[in-house]
Each structure stands twice: as structure tokens, then as C-alpha cells.
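Look for subunit A in each of the two complexes below; its partner is subunit B in the first and subunit C in the second.
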Partner chain A sequence: MSEHSSPSVKSPPITSAFPFPSYYNREPFFTLQPILNTQKKQLQMWQELILSYTRYHKIYELDINEYIKRGSELFNNEKIKRKLSQETIVAIFNEIVDSGYGEWLDKDKSRALVWWRKPDEWASIIYQWVVDSGQTDSILTVWEIQKGDDTKNLEFHEINTNILMKALKSLEKQGKAQIFSGSENNLGVKFFSTH
Partner chain B sequence: MGGMFSFCGGSARKDQISDKDKAVLELKIQRDKLKQYQIKINLVIQRETEIARECAKNNKKQQAILALKKRKYQEKLLEDTDQNLMNIQEMVSTIEQAHIQIKIAEQLKQGNNALKELHKEMSLEEIENIMSDTQDAVDYQNEISEALSGKFTQEEEDELMAELDQMEKQQLKSKFPEVPNNDLKINVNLDHVLPTKLPSSPKSKPIAAEAEEIEVGIEEVEASSKPTKERDRVPEMAI
Partner chain C sequence: MRRGVGIQAIHKQNQQQKQLQNISEQLSSDNLKKISEQLTTFKTNLEEFALKHKKDIIKNPEFRKYFQDMCSTIGVDPLASNKGFWCQVLGVGDFYYQLAVQIIEICLKYRSTNGGLIELTTLTDHIRKMRGKTANEISSDDVEVSISKIKVLGNGYNILKIDSKKIVQSVPCELNKDHTDVLIKAQSQGGFIAVSHLSKMGWDQQRIKSVLDVLLSEGMAWIDDQSELKETLYWFPSLWSNTFES
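And now, the complex of A and B:
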């Protein structure tokens, strides 16, 4: 994984203008509840919070240990002096992965992808842009989809390479695109008009 | 990296990637690299500017000038890359345009062939035959139309008759004034108009005498007309 996967990993935000929900200010929210039904509900609420937080900051990939080390606001509420333990965070992310909104990137369960949009959703957004901008049958580099001047104002500008490749693979399965590699393993995509 | 993207081979639509596509990809990869290079140069320019400003503030004139010279050099590099970028973009556009033109030429050729095939199926002689046949049919149709024109169906005729009846009735109505419907109650004393006795004129003869005169008159007329016939016959009867 060289230049393609790393650029979209952001350092964790410490504080931000993100509008946290009211339950973020309740102490029991930060302790994993022993009663199973309550715990299930709690995990779901955390999943919702994490997905909307990562969507707000356009975070595609995060390193749990890094977030704990930096004391990011996401898992650490300074106001009520409560923070999530590493085990609880892992439990929450297990839930997220099980519900199909993310993926673990390592065996140690530290780095994870969060899909506040699923790869298939990204696939249709990107394909729609290609069609609307008249770029079917032309060649695009993967880099220009992520970083090009033409995508600067689009939602998928600076998209995480891992998720982008999943989206492109999905388009390939649908017969709407073909990924191929050029020199030095640089990747290109040819998009097709659907017949 | 290689492991992750190894799925690229063996895909169903691999055949759709032509040499032209690969050439365009290489050019675009080169363009991406130049853009990344520009990002780097811009960062260097920013940094040299900051250094120059810092040195100027601290009265390190020589170092400030050096930093500005470095910046100038980077700016020149940036201009060169701009030129290169433009050349690449031009090349990509030219390839894409040529590709489109080839496709158009192919399609025109196909269209031309299709047209030729269609022409083969229909000779000029055939068209002429068809056209003259068509003219005959048109003439025949006109004849039929002429023969039929002026004739109406029974229904149409009944309608016309009904209309005529209606018109006649209306005309009759307008000729005579309406008969009043209400009972007339007028008492006219006829005594004033008609005298009970006819006035007797002194000159006039009694009716019986008058009748006698008329009878005599008739006999005279009859007598004057009969004798011509009787006079003709008499000699014969006398013999």
C-alpha cells in the first residue's frame, strides 16, 4: 500500500463544531451496559453517532488507538469527564462491521474503514458523475477521480482509495467500468455507457 | 499494492481496453505526476517566501535574497510544468478526437454499405413500373369517385326529403295569419244592418211577371236556334 491508500487517512479531530446529540452528554452512555437489550440499543446509538460524525468530517478510515491517544472528542467527552474504553470502542466497531457499515483493516482491530456511504452507493454516485460529465468511453486515472480539479466540488473528492476501489470493482461487476493498470502500477478506469 | 489489485486481470470486459486506451492512460498518469510535482513546487515556493520574510525581518539580507532566488527558480519550473501539462492535454485531446473521427468514418462506411444494399434491392426500372402502376390505380380510383359522385344512400335521401317537408310546412305557416285560439264574444245587432222588409220599388214588376218574361225569352232563343236544324230536315221528311 503505497501512495494510493494513505492520502485520505486524516488525523483525528480533537474538537470540532459537530453537533453532538443530547445523549452524548449522559454518563451511562460511556459505559457498556450489562443488560443485553439495553446494551444492544446503546451500541446502535454509538454506531449512529460514529457514522454521522465521520460523515460530517469525511473520515473514511480511522485508527482507534490514535483517537484514544489524542483524546479525540468522539470517544472522550471533556464536559462530563467520561471516555470510552478501548474494549468498548472495539465492541462498537464490531457492531458496525457486523451491520455492514465498515471493515476491519488489521487483525489487532485498531484500524477500521467506516462506510457512512456503502461502496455500492459510491459506485452509483461516481458513475452518475461520469455519465453527466460525458466521460463514458474515456479513460480516467484513479488519482484524478480522487484529486483531480474536476472533482474538487464533488462528494467523493479525496475519497479513500480502499473504498474507491471497492466502488469501482462494483461498477466493473455491473459491466459499467473496466479497471486496468499502466506503468508503475498506476491504475486507470474506462467507463462504459450501459446498453 | 500488487496483491490488492491483482483482480484487474481476467475480467470479462478486459478486451474492451485497446492500445489507444493504454496510451491515453500513460499520458494521463504523466499528467497526474506533473500535477503532483506542481503541488510540491507550490509548497516549496510557499516555504521560501516564508524564509525570505523571516530573514528580512532579522536583517539577514543575503539569506533573504537567496531564498527569493530559490523561489524564482521554482516559479520558473512551475511555468515549464504548465507548458508540459498543456502539451500532454493537447496530445490526449488529439488522440480522443482521432478516435472519434475513426469511429465516425467507420459508421459512415457502414451507412454507405447499408444504402448500397438497399439500392440493390430496388432497381430504377422497378420503381418506374411501380410508379406507372400507381398512376393507373390513381386514375381508376378517380373514375370510381366520379361514378359514385351525386349518388346518395337511401338514408341521405330520406333526410333530404324530411328537410324539404319541413321547409314547406314553414312556408305555409308564414302565408296565413295565425288563427286566434280564444272564443270571440261579439254581439252585433244585425237589425241595423239588414232591414226586415225589402223596399219595394215602383218600377219593378211582380216576381211572377218577371219569371214569365224570362221563360218567354228562353223560348224565343230556343226557337231561333232550333229552326235551322228543323228547316234542314223538313225537305227530306217531306219527300
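And now, the complex of A and C:
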């Protein structure tokens, strides 16, 4: 099991109650369009769909090959018998990465991070929570932020480590936090009040 | 021998001509007066009618169509000017002007997915949504009237009759009968077409290719490589009953 090394990689949802937009039920949406202008629009529409799908399921990281193998609904519409090819999915994720909503995790372009919130957005959400809960100038562990009881009902509970670290580094750059590199599984952060 | 033309005779002729001219001037100014009186009465009556039914004209799309038809049969165009009396009395000029802007906005919004073709009823639905619930009700007739006014701006806006559907074209692309025939055929079989369907209509490969290439490159058609028919299907988002993107 890879659960230990990357706890926030979920297995792909096969079916779910996600409210797909009506264009998901249109046959040509699943064939990469040869005309550049049309293709550009199509990639944008897929990007929108994927970002809202991953936001709905709180998916931070996904493995394209895994999604294809399992026949996840995201790329495979059983109802109209249409699915995306691996090349088309890569083209879509290239678009997502190019527009700053994700990052490839490997050279083969199989695993990718999706940022339905950009790291800077997470940074300000987390910082706001620290301020509101009066935890400035105290030290929190990364584990507490991800898994602690205090964050249970918050959007960033169970946040992907990779994205959380990017957010914390962004706070560090702004002079609002300091990361303490202790042992690998026990990173600490001290947040500063801004006045 | 006739008497020559004396100076007297010329004077007499001149005088007669003058008298005749006077009479004719009198007559035409009488006529003009009468006509302008009639026009004034007519205008007053039309104004009275319009004012009396102002609410219906503005609120009720069906009534508005009848009023529009009535005006056009007697050669009056209440929409011709935005500054004229109709605008002051009814605000109809503004009404269609505003509608035209909304039409252009919606057409532009969806141009990248439908290539600038959108069904009239779909367009009307979108405009209704955009105007909100508090705005006056509009009909497809209103949209059509408004489009006929936008035509003045150039050859950009046009209405194609595809079977029973009316498709609004918002791009200045010359579509010939072959293109509309493809749309009609596609409409009759659920919104798509394949090369084999057109071959059956007796078209040669060259003709089919050139027609489909135009529709594809204009963004009016999307291809689909996963059909059970084992050949590429060409789909037309403009024939779908809702816009592709929503």
C-alpha cells in the first residue's frame, strides 16, 4: 500500500453524485478536435470540468493511468459510450499545468497535482485560520494542520502534503511563517503575527 | 394670313401663363395642406392608439408583433429611429436596441463552441435568462425583428431556415445551399452527419470534403471518432437544444 508515503492520494472515483455539466453528455466532447480554435475551447471546458470534479471530491493528486485502468467516470462516459484517450488527457493536463492550475509529478506525464485552489490561496486560507484561532507565534506541526482535530471541519483538512508545503513556503516568503525542518514526518511551522 | 405675333400677344400669353401658374400653385398647396392635415390626424390617431396600448405593446410580445405588423403594412417603422417620436412615446426603439445588444452578447459568448450558429429558440432562452425575471417578456419574433435591424451593420447576422428550425448565423461566412443541406440532413438524424450519409445523397467525395472542411474550420462542426458506425461523425452544436457549454 502506498498509503504511508502519500496519504492524500485517493483512488479514482468510479461513479459519484457529482453533477456533471450537460456538455459531458455530448459525444464529440470526447474526441480531441483538430481545429485549433475549437480545440482551445474544448481544452478549457475540460479544465473547468476537471477542476470542479477534483474540488468536489477533494482530489489533490491523480494518476492518469490509474483513472483509465479503473474506467473512472471522469474520463469515461458509459451512457454515451465515449471516453478520452490517454493522449487527449495528457493534452488537457498540459493545458491545466500551463494555466497554473497544476503540476506534473513525473516525466512520463502520468501523475499530476491539480490545484483547484492555487498554493497562494491555500496560504491565505491557512494563515487566516491561524490568526482567527489565536495561534500566531506558536508552533504547529504539519500533521496538526492536515489531520488535527481543530481542522476537521475546514477545507484544508487532509490537504495534500505537496501542496501544503508549497503554501507554507509561500507564507515563509511573505515573512508570515517559518518552517522548521525536523525529522521528515514531523515538520513544524511557526506563524508570525503581521503587526 | 395670320396676324403676326405682336408685342401685345406675347404679353397676353405671359399673363395667361402666370394665371395658370397661380391656380396650380393654389391647388397644390391646398392638396399639400390637406395631405399634411390627414397625416397629422393619422399620426395623432396612431399616437393615441399607441399610448392607449403602451403597456400591452411593451409587455405583451404577441400584441407587439401585431402592432409591428400593422405599422409595417402602412409603411411606418416604429423602430427605424431611436430618436424619433416612437422612442419618446413608447420607448420601443430602446427596447429593440437593448435586445440587439443582448443578442450580440449571447452570440459572441457561444461563438467558440458553435462557430457562430445558434438556434433561434435557444438564443431567445438565453436572452430571457440574461434579462432576468423582472424584465419585460420577449418572444422569438422580437429577436427576429431585432436581428433584421442588426443586418444594417453588415452581412454578419442572418437567419437560416433548417427544416422547421431557425438558426441565427452571427459570423460573416457565406454559407451556400450545400452547407445548409448538410445541416438539414444532420437535423433530421439527431444532429450529426457522416461522409457515407452524403455519398448516399449522390455527392462526390470532392464535394463532400469541401463542404465538411468549411463547416469544420469555421468551428460549426465538431468531430467524433468513437461512433459505432466506425466512421467519423460531424456534430453541430447549433442543432442541440441547449448551448454546448452549459
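Observations on the model:
The rule is simple: the second predicted complex is superposed on the first by the 187 of 195 C-alpha atoms of A that agree within 3 Å, B and C clash if a C-alpha of one lies under 4 Å from a C-alpha of the other, contacts with A are read in each partner's own complex, and residues count from 1 in each chain.
Operating definition for what follows: a residue touches a chain if its C-beta (ideal position, glycine included) is under 8 Å from a C-beta of that chain, and two chains touch if they have at least 3 such contacts.
Quick caveat, the model's predicted, so the values are computed rather than measured.
In the superposed model, A:Phe180 makes contact with subunit B only, not with subunit C.
Of the two partner chains placed by the overlay, only subunit B lies in contact with A:Glu172; subunit C stays clear of it. In the superposition on chain A, contact is made by A:Pro34 with subunit C only, not with subunit B. In the superposed model, A:Trp104 makes contact with neither subunit B nor subunit C.
Using the contact criterion defined above for the overlaid structures, shared-chain residue A:Phe20 touches neither subunit B nor subunit C, since it reaches no partner. Set against each other, subunit B and subunit C touch different numbers of residues in subunit A, with B touching more. By the touch criterion defined above, A:Leu140 lies against subunit B but remains apart from subunit C after alignment on the C-alpha atoms of chain A. In the superposition on chain A, A:Gly188 makes contact with subunit B only, not with subunit C. Residues common to the contacts of subunit A with subunit B and with subunit C across the two structures: none.
Note for the complex: subunit C touches subunit A at residues 112-113, 115, 192, 216-217, 219, 222-228, 233, 235, 237, 240, 242, 244-246. On the side of subunit A, the complex with subunit C involves touching residues 21-23, 26-31, 33-35, 37-38, 40-42, 45, 81-83. Remark: subunit B residues 1-2, 4-5, 7-8, 11-14, 16-17, 21-22, 24-26, 28-29, 32, 35, 96 touch subunit A in the complex.
Across the complex, subunit B is touched by residues 1-2, 4-5, 138-141, 143-144, 147, 165, 169, 172, 175, 178-188, 190, 192 of subunit A.
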